Amino acid sequence: MTDIASLPALRISTGGPEPGVELVQLLTPEGERVFHPDYAVDFTDEQYRALYRDLVLVRRIDIEATALQRQGELGIWASLLGQEAAQVGSGRAMREKDFAFPTYREHGVAWCKGVDPMKLIGLFRGVSNGGWDPQDKRFNLYSIVIGSQTLHATGYAMGILKDGAVGTPDGEAVVAYFGDGASSQGDVNEAFVWASVYNAPVVFFCQNNQWGISTPTDHQSRIPLYQRAEGFGFPGVRVDGNDVLASYAVTRSALDAARTGQGPTLIEAFTYRMGAHTTSDDPTRYRLASDLEAWKLKDPLERLKSFLYKQQMVDGEFFDQLDSDADALAARIRRETLAMPDPSATSMFDDVYDEMTPALREQQASLARYLVGFAEAVQ
Amino acid sequence: MTDIASLPALRISTGGPEPGVELVQLLTPEGERVFHPDYAVDFTDEQYRALYRDLVLVRRIDIEATALQRQGELGIWASLLGQEAAQVGSGRAMREKDFAFPTYREHGVAWCKGVDPMKLIGLFRGVSNGGWDPQDKRFNLYSIVIGSQTLHATGYAMGILKDGAVGTPDGEAVVAYFGDGASSQGDVNEAFVWASVYNAPVVFFCQNNQWGISTPTDHQSRIPLYQRAEGFGFPGVRVDGNDVLASYAVTRSALDAARTGQGPTLIEAFTYRMGAHTTSDDPTRYRLASDLEAWKLKDPLERLKSFLYKQQMVDGEFFDQLDSDADALAARIRRETLAMPDPSATSMFDDVYDEMTPALREQQASLARYLVGFAEAVQ
Amino acid sequence: MAVLTMAKALNTALRTVMESDPKVVVMGEDVGKLGGVFRVTDGLWKDFGEDRVMDTPLAESGIIGTAIGLALRGYRPVCEIQFDGFVYPAYDQIVSQLAKIHARSKGTVKMPVTIRIPFGGGIGAVEHHSESPEAYFAHTAGLKVVACSSPADAYVMLQQAVRCDDPVVFFEPKRRYWEKAEVDVAADLGLADPLWQARVVRPGVDVTLIAYGPMVRTCLDAATAAQEDGHHLEVLDLRSLSPLDLPTVLESVRRTRRAVVVHEAPSYVGLGAELAARLGEELYYEMEAPVLRVTGFDTPYPPSRLEEDYLPDLDRVLHAVDRSLGY
Amino acid sequence: MAVLTMAKALNTALRTVMESDPKVVVMGEDVGKLGGVFRVTDGLWKDFGEDRVMDTPLAESGIIGTAIGLALRGYRPVCEIQFDGFVYPAYDQIVSQLAKIHARSKGTVKMPVTIRIPFGGGIGAVEHHSESPEAYFAHTAGLKVVACSSPADAYVMLQQAVRCDDPVVFFEPKRRYWEKAEVDVAADLGLADPLWQARVVRPGVDVTLIAYGPMVRTCLDAATAAQEDGHHLEVLDLRSLSPLDLPTVLESVRRTRRAVVVHEAPSYVGLGAELAARLGEELYYEMEAPVLRVTGFDTPYPPSRLEEDYLPDLDRVLHAVDRSLGY
């Protein structure tokens, strides 16, 4: 186990382009552990390995899904490539009771919360609009309308307050995920108002991946995004989003503050969208290859890998096992995707309401009749 | 004329309840001129008297309109009582070219921009929804949907930028008015995003009158509102909104920054709504009489009056003249209100579109026929 | 039996559901100490505390968005939108979120959120305070949309709406808030007409007047006036605007063979159009006249001095009745 | 004459209006360097600079709200909403501000703002990317609402919309973006049909199919197929959804005496209802059958694997034609 006390102190900004902006980092791009006075993590070797395993597996899910999309099995896929550490770090910092409100890109968070990747695949394949029970793993449905989920997260956190499930170390809390682009939406700023006024136990986790499709972050804010929180009277912090340890530590600390009654925190995870916005996007139209190359040097997997190597926490067997687990996972995803049935046409009426209306019942029946008649006609 | 350099320095917070919050003040509630290193005004006696005159006249307009409402001549009236200094100060700080975007309460700003009070009265009487030409006095139509006008103001300011009418002392600028309650709206925060990202020449002038109908400001923000701006990367300042000199100075300074290309400023004018929210409201249901009494001691008219007295800038004749001018103004408002004709019924179709549609032409004609037929029938 | 205004009936309904279900929370602008600008929540803040009666920050998207989160946590929020014209900032949260979450979650998430909206004109108000936006919601799958027209109905329907596990947009005819009538506050809700059921509020044989919310009273008055001319008008209160209680509507119009739809909202692509389309199709061989519409004009709501000319009134209704009978 | 896709035709139209009027500015999410997610603004940023082609912050209310301010300053903004399902955050700015400012100012303020919205389904997209929200706007007085259906029309109509001094919501059928056809890019705009005019795009005598946007192609295909059965269907492209070109519609249906309205949006309180209501009244004595509607179902837009069953297609249109002819 690493002796944290012996780590070199490093509080200068290493990733943020702005002078004077602090970036919380616990692991340098080269895989060196560094000390931070406010954010300590003290993992066992086993835990370090588990985090690495998460990173590798979520990347593998992503790669497989991208391949499936290319082969026409999915309508679209939103890749998390490059954002694995931010997602696994924050995802693992949550307790089972804590509730996550994702966007459409939080496949790594879903993984940490125990959501079967096939649920996500189903959405991108077009067989459902989500369809999982958010309560099941305390992982809300994916949200596509930018920023809308931050209000849902805040309302949920207000419910936690009403339930009295806050104020002790056992309290509950919420993480609201959103992107740098989303920070401009009215809803996100209203969520900041609500969360601060009610002192709700919500952690706003903004993955600043530098882009909102083709739009760079400086089109959304002229100052670092974590500073937005100050304007609403709660703390903001920027963390190296490619550093899984720091992402974990900062999120855990914010969650603990929230669950013990200290209200919201905004975390800006400074990271990079290594791939396209989605499989429909062509980033070569708007960004420089050199930019991507520079960020590749900060790859979230590589740095934890070098750390594990340097600390001699891993051996060839570990990697072999992980490779074969990843292969198996990918193979399962492929197999289950290809086997995934389309829903029946008439199912689209089923859940529009809890209590189905007569009009829908009629439309459903008439579609069923039509389809039967049509099938007979073409025979 | 007062020798500004000899004024006592006063930078402590005298009006804001929060410790450590600075409130820019140039005139104490007792009518003492105080010095502020960043905000100087240097008025002639004539100008001081003119400001006092504005304060008295806009209060008189307000009182008369309130009376007219009580007598059933207006449907409703939104009183500016208590906010005269914030409005006259900021209103007089604007140049003719500068554009004001009011809410529904900026009668004092309208006055300063040269808008005939009868235009405002028409709206509250229900003969129009405004109906003046905003370009005429560079005073936009009243906005009732809370916060919506802040985006219009920002867009207008972006247009000034596009026209190249910014960057010199001759540049143009915009003032966006809104209330403490409005600060929670998505639109207002989006306006902050836009204004800061585009560095638009807009001054956000928030009259924190402590109430959004029955809702106190602490339900909208847990920190002083002027600090919101920091979160968006532009300066915020709290001014004593009952001090016309400070309101003037701070607005003028922000406008000059805007017109010379330094972008937006948020001004929080700390003031108090002395009356009801509107004539439909009953504030005794939700606020203490003692609260009101305390604020009466900070009345914006009284303090300038004592200053004028102390400085011997005024005499009985001045007050007599002002009284009779105010009486004449009130009498005109009353007379013209009583004489104000209702628009013709068919006029409601006239300006729905610039190019009237055949459907509306038909509806208009059919209403006309119907009214004629109806009039004949009842004869 | 008690004689109550509609505002008081609604207030009593809220009190009743709050007493019986601790998960019911009331939220909105000025609903607390003030009791709402129309006093519909009067006294609730005092008796249930600020945890259950929340004066929210001033932002409608925030109100509906956080209500959705509260519903996810097991609460049953009743949101007040202060006036009809202020619901639009929440439009995305209502039509893209609230309306769709049940379907998006394959029915695993219930959204028992009620959105109360005082609507319609006739109170001499300034712009944005007199609108009738019901079509914007009725056209949205996933929402249920209702409008009450009398104190007795208001009392029952609001309780039913709050207890409904689907999102309900609940329109209250603000100009009828102060009209009084008998309300059976002890009535068994289980015996009441379902929320989705239209009701013949005055039987007749010559023409069916179809209305909801504020126009029900107008139609009743028109029917009374028509009686003098020997015309027996049936007045049908839709109550539910989505879903539409088509069987009740068809039953009535099948008898009268003539229908006039009355609403304050503009005619173009409004509820009246849907009724005309539906009746035109279902009763193609039975109607004696086309379905006629008496509505607000296709203009923004006019300045209040013109609202009497804008709003359908007894005379315009009777004018349409005459036209209908003329076919 | 050039053979262009609809996307390219729209792009060329924007270029043309931008060249002729320096006050035209294009704004929206990703409309700059990227050229929009559908490439409709491709190349404009490069040629006109970022002052005239603005990649805005990600907030739709901000886009429309600032466009209103720009219009007040004398600009002529063309706003892109990236997908139909993302217009709702701007709903208040569109229906309460943009639509009403001309009336509010008694005509002293013109609001020449065009809002381009790629709309409709059929592209296999995820939720919120396939909606047809036109009724929400058509029901709003003060807005003009149009939809193009072919490259040639797209080219002309977009220029007309931008030049129009009223706010125009301009719907583009996204699944037709890549269909090619001849476009007369040198045509004199002054000689073109007015923006508000409907058009018979295929003459026929038996039934009039009334459609707009993506469903025009579907109806044309249906008409071709019906020909084999000896039915001559007339296809009418509404083009303008508000105002409605009633004379052209009446002229057609007066001849065919039968009408089927086709749109992707849900049926309930949709455009089809208005057409049915209007035709039912105006041609009461002339119709041989009720106006029938072929539309999306009254559900949220389904997951894409079900969209073929949701969307009206050739067969459902023909099925309705048969029903109409059966009266």
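Residue numbering begins at 1 within each chain, and the chains themselves are lettered A, B, C and D in the order written.
The rule is simple: a residue touches a chain if its C-beta (ideal position, glycine included) is under 8 Å from a C-beta of that chain, and two chains touch if they have at least 3 such contacts.
Nothing here was measured: the structure is a model prediction, and the numbers come from that model.
Note: the chain lying farthest from chain A is B, by mean C-alpha position. Across the two candidate interfaces, A-D and A-C, the one carrying more C-beta contacts is A-C.
Taking each chain's centre as the average of its CA atoms, chain C and chain D sit 31 Å apart. Between chain A and chain B the centroid-to-centroid distance comes to 45 Å (mean Cα coordinates, whole Å). Remark: chain A and chain D have CA centroids separated by 37 Å (rounded to whole angstrom). Computed from the mean C-alpha positions, the centre of chain A lies at a distance of 41 Å from the centre of chain C. In chain B, the residues touching two or more other chains are 128-129, 145, 184-187, 190, 193, 197, 219-220, 352, 359-360.
For chain C, the set of residues touching two or more other chains reads 56-57, 59, 61-62, 85, 88-89, 92, 96, 100, 103-104, 127-128, 141-142, 244, 268, 297-300.
Listed in rising order, the residues of chain D touching chain C in the complex are 61, 85, 88-89, 91-92, 95-96, 99-100, 103-104, 127-128, 135-136, 138-139, 141-142, 242, 244, 265-266, 268-274, 276-278, 280-281, 284, 289-293, 297-300, 327.
Residue ranges of chain B in contact with chain C, taken from their complex: 75-76, 104, 123-129, 144-146, 181-182, 184-187, 212-215, 219-220, 280-281, 285-286, 342-343, 345, 347-349, 352, 359-360, 363, 367, 370-371, 374.
Chain B meets chain D in the complex at residues 128-136, 140-141, 145, 148, 150-160, 162-163, 186-187, 190-191, 193-194, 197, 350-355, 357-360. Interface of chain C with chain A (complex): residues 25, 51, 56-57, 59, 61-62, 64-75, 89, 92-93, 96-97, 100-110, 141-142, 144, 164-166, 196, 243-244, 246-247.
Put simply, chain D touches chain A in their complex at residues 29-30, 32-35, 37, 55-59, 61-62, 85-86, 88-89, 124-129, 268, 297-300, 302-307, 309-310, 315-316, 319.
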